[in-house]
Amino acid sequence: MTEQKPLRVLVWGENQREKNDPRVQEIYPDGMHETIRAGVESLLGAAATVRTTTLDEPEHGLTQEVLDSTDVLIWWGHMAHHDVADEIVDRVQEAVLSGMGLIALHSAHFSKIFRRLMGTSCTLRWRNEDDRELLWTVDPTHPIAAGVPHPLVLDQHEMYGEFFDIPAPDELIFISTFTGGEAFRSGATFRRGYGKVFYFSPGDQDYPIYHHPDVQRVIANGITWAAPATRRTPQLARYRAGDFFAGEYHSPSQRFGGATA
Amino acid sequence: MTEQKPLRVLVWGENQREKNDPRVQEIYPDGMHETIRAGVESLLGAAATVRTTTLDEPEHGLTQEVLDSTDVLIWWGHMAHHDVADEIVDRVQEAVLSGMGLIALHSAHFSKIFRRLMGTSCTLRWRNEDDRELLWTVDPTHPIAAGVPHPLVLDQHEMYGEFFDIPAPDELIFISTFTGGEAFRSGATFRRGYGKVFYFSPGDQDYPIYHHPDVQRVIANGITWAAPATRRTPQLARYRAGDFFAGEYHSPSQRFGGATA
Amino acid sequence: MTEQKPLRVLVWGENQREKNDPRVQEIYPDGMHETIRAGVESLLGAAATVRTTTLDEPEHGLTQEVLDSTDVLIWWGHMAHHDVADEIVDRVQEAVLSGMGLIALHSAHFSKIFRRLMGTSCTLRWRNEDDRELLWTVDPTHPIAAGVPHPLVLDQHEMYGEFFDIPAPDELIFISTFTGGEAFRSGATFRRGYGKVFYFSPGDQDYPIYHHPDVQRVIANGITWAAPATRRTPQLARYRAGDFFAGEYHSPSQRFGGATA
Amino acid sequence: MTEQKPLRVLVWGENQREKNDPRVQEIYPDGMHETIRAGVESLLGAAATVRTTTLDEPEHGLTQEVLDSTDVLIWWGHMAHHDVADEIVDRVQEAVLSGMGLIALHSAHFSKIFRRLMGTSCTLRWRNEDDRELLWTVDPTHPIAAGVPHPLVLDQHEMYGEFFDIPAPDELIFISTFTGGEAFRSGATFRRGYGKVFYFSPGDQDYPIYHHPDVQRVIANGITWAAPATRRTPQLARYRAGDFFAGEYHSPSQRFGGATA
């Protein structure tokens, strides 16, 4: 068995509320992304190296070089989805299709990158009134559910409810219920190109969700699961009869959206 | 039982090759869209009313009014995907998410609208050298496969092969093989919002595929399958505790891409 | 358009509690199967002919002749699963694999036929303490959800909760929540052979669930959905090279469980 | 990171043809199971310990004790499916539902245990006339496809073709084509209870398929993928309101097939 290299994880935080909302500052004094980072580091240890970056960085901290050296990107955003530049979204989408894992957290359901990868509106119903949320595991064989209580209990959280306008997940792992009676598909996977996407609906910035050890466990499991098997850009290519391995690739401008004969 | 209204079908054709390539003109003298229309009409009869339109029409013939009165849109395009205006693609996407059925044919795998709804590159391998294509039904319970031979034989056709970069289909109906040995997921469904999408990979403009009665049968079945159950725009909405039915909708600008609390 | 023949529906009721439990007798004086029949007849009208039969009939009312003339079988059983003869279960399984639709209701999750078709234990968690159940539609494009409120409200019902040991459904249509906070995949489809199976978890015999118009609507939709596209027994067959249509079928004893070369 | 214990793999071989067919003896002088074992050992090394057993052993070598100490069971059988005792099939099914991984190879499509777990007839079309088989990866993100050529080429093999009567796979990984033009879903996964099942259609005893390094790679990947996340028997249990963790389990006789209230 070969020694495995540490997974290169990048936590992207919008980091707006943490700067201007005292309640959020109290829960996440260093920003939500730093709490997420700390949770991953404590659980994955030497198996991962974790960096963070935020919306305010040049290119939102998501240069091509950074993406090329990232195995799994974690995305948390909420109020500033529209401030993310479209060309950065293009770049992140191509990175995912080329194998980079993506974990979209909570309100990232409405981020440009998640909606781009889903092709749907990603709308839902919501209420922020301290519901208790219970996450029930419906796929106990899934590595993302390993070591997660059934149910996982969040004493207080924002309600996200169905209908959640996403494609039917490849794998549905968690279903949430709320005090008010709503249901939500709160843990779901989607394969896109050579990349794997995991959506996990906890947690809102008004609650200390990312300090919760079970939530940290789910995120750590998600990273391990989303690690790329390969890093390779999907290509349009012509193959002559009898040749299965040496295709004639189209020019870069045709790779995505060029034309066949 | 109530009388069912005829399905309102619209066939969208790129209609470029038919104008400037004598070989295509010979196969499709009135344009591919008219041959597709004739096939649907002969099979669905009074159960459908079929219109056609093309890229060259104002707004590509896809005004909001036209889309609002279309139950199922059939899309064939190839060389001119980039000439379709982005705002029209936005409009068609919203129509699909709001319930309109979409049937994407052959090279429409690379159309803006199909790639938008998939979230992937939709790249594939190809070869245009007269392979025989066989379509094998792997879901014989599916209404789209009803009355379709197993296999459906196309004596000559362009090869489309895996890896086809699409999300894992909700339902995989047909798998194709080619003389050269390639395989392709050639009939597949995807649910997006309140709408249903069917991708069917026959047929290239260089072959008389849409004159083939079995191909016509698949398209007619696809129309019946893709007909909307409802027509309704997915919405972001806040629901107070105890109220399951009267959500507070966000402003139109927030419906798609607005923000929760 | 051709005139469609009425669907031939058979409601199978265990009919034990109705005979010996006064509370159940009061809710279902003619047996649960008769209430289910009446609901289907009122909604499908001339589109269906509905018969009923029960456990106590010879061969449980499920002779080969009866199954051959049934398009969709509805199954309700609870305390007497073990009294269903294995050879009848074999027969029903072969009918489903040959195209007959099956709707398994509530405690039929533990019936021999449902477990046979699933391959799993079909265990779950339960509590019979008057929880309110809400059924949320997670696939609004599905014909089984057409005309069903979101959520469908059952004021009092037995709780069925996850983990429900079934294969991942082909289509997940409804998710239920309960007053106590549990979640359940309460409406799900599974394709088996040439047949379609719909599991729907309402309703327990202690509550008037099958008098509920929305529940009746779901069952009627399920019948229409589960109607066979074809009636044909899956066969092991040898096909010579170049012959796609005329296989050499194995002897009947080999059809199921015989051997390839 | 904790040290992982070696996976405990058991290769079950029918071992009949190897004893009485000189051609098979020549290809597999120690039995097919020993060749499979050698391939796994060479690829997984210290990450797995591999045992073998055969039909002729007492209880077919599948005592409760053996199953309790097996993480992943590999099954190869062909002509003698009916000689496997039903009570052993019961035992293996319960082991799978309780978490043990199962890899069903080639003609094990018709084994009692695979058909039990699928719920379908598992019939297919076949021909044993030296077709070339190509396996195309349609899910390149899947760990079972890691390091596998696209396509994987088998110069000569028995043809297995559609319609293959299995449930729609949870994950479809490989699609095969054959010289004769047939298609087959040749690599597919199914989750059952707490266990994971992988069906892989190579290889027939008349060809040296298990000596092929790419085939060995797929099997080794399959073992790693199918390793149990947990080992736990699905249970029917009653949970009182407000108690999510301490259910009242039913008696062992009720665990599988007992009754709710």
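Labels A, B, C and D are assigned to the chains in the order they are written; within every chain, residues are numbered from 1.
Here is the rule we go by: a residue touches a chain if its C-beta (ideal position, glycine included) is under 8 Å from a C-beta of that chain, and two chains touch if they have at least 3 such contacts.
Bear in mind that the values here come from a model prediction, so they are computed numbers and not experimental data.
Enquirer: Between A-B and A-C, which chain pair shares more contacting C-beta pairs?
Expert: More C-beta contacts join the chains of A-B.
Enquirer: Taking each chain's centre as the mean of its C-alpha atoms, which one ends up farthest from the centre of chain B?
Expert: Of all the other chains, the one whose centre lies farthest from chain B is D.
Enquirer: How big is the gap, in whole Å, between where the Cα atoms of chain A centre and where those of chain C centre?
Expert: 37
Enquirer: Return the distance between the CA-based centres of chain A and chain B, expressed in whole Å.
Expert: The answer is 29 Å.
Enquirer: What residues in chain B touch two or more of the other chains?
Expert: Touching at least two other chains: 134, 139-140, 150-151, 161, 163, 168, 170-171, 179, 181-182, 191, 244.
Enquirer: Mind listing the chain B positions that touch chain A in their complex?
Expert: For chain B paired with chain A, touching residues are 78-79, 81-82, 93, 97, 107, 110, 112, 115-121, 123-129, 131, 158, 160-161, 163, 165, 167-168, 170, 179-182, 190-193, 204, 234-242, 244, 247, 255-261.
Enquirer: Which residues, counting only chain D, touch chain B once they are in their complex?
Expert: Listed in rising order, the residues are 132, 134, 136-140, 150-151, 161-164, 168, 171-172, 175-179, 181-183, 185.
Enquirer: Name, in rising order, each residue of chain C that touches chain B in their complex.
Expert: 1, 44-47, 99, 134, 139-143, 145-146, 149-151, 153, 170-171, 191, 194-196, 229-230, 232, 244-245
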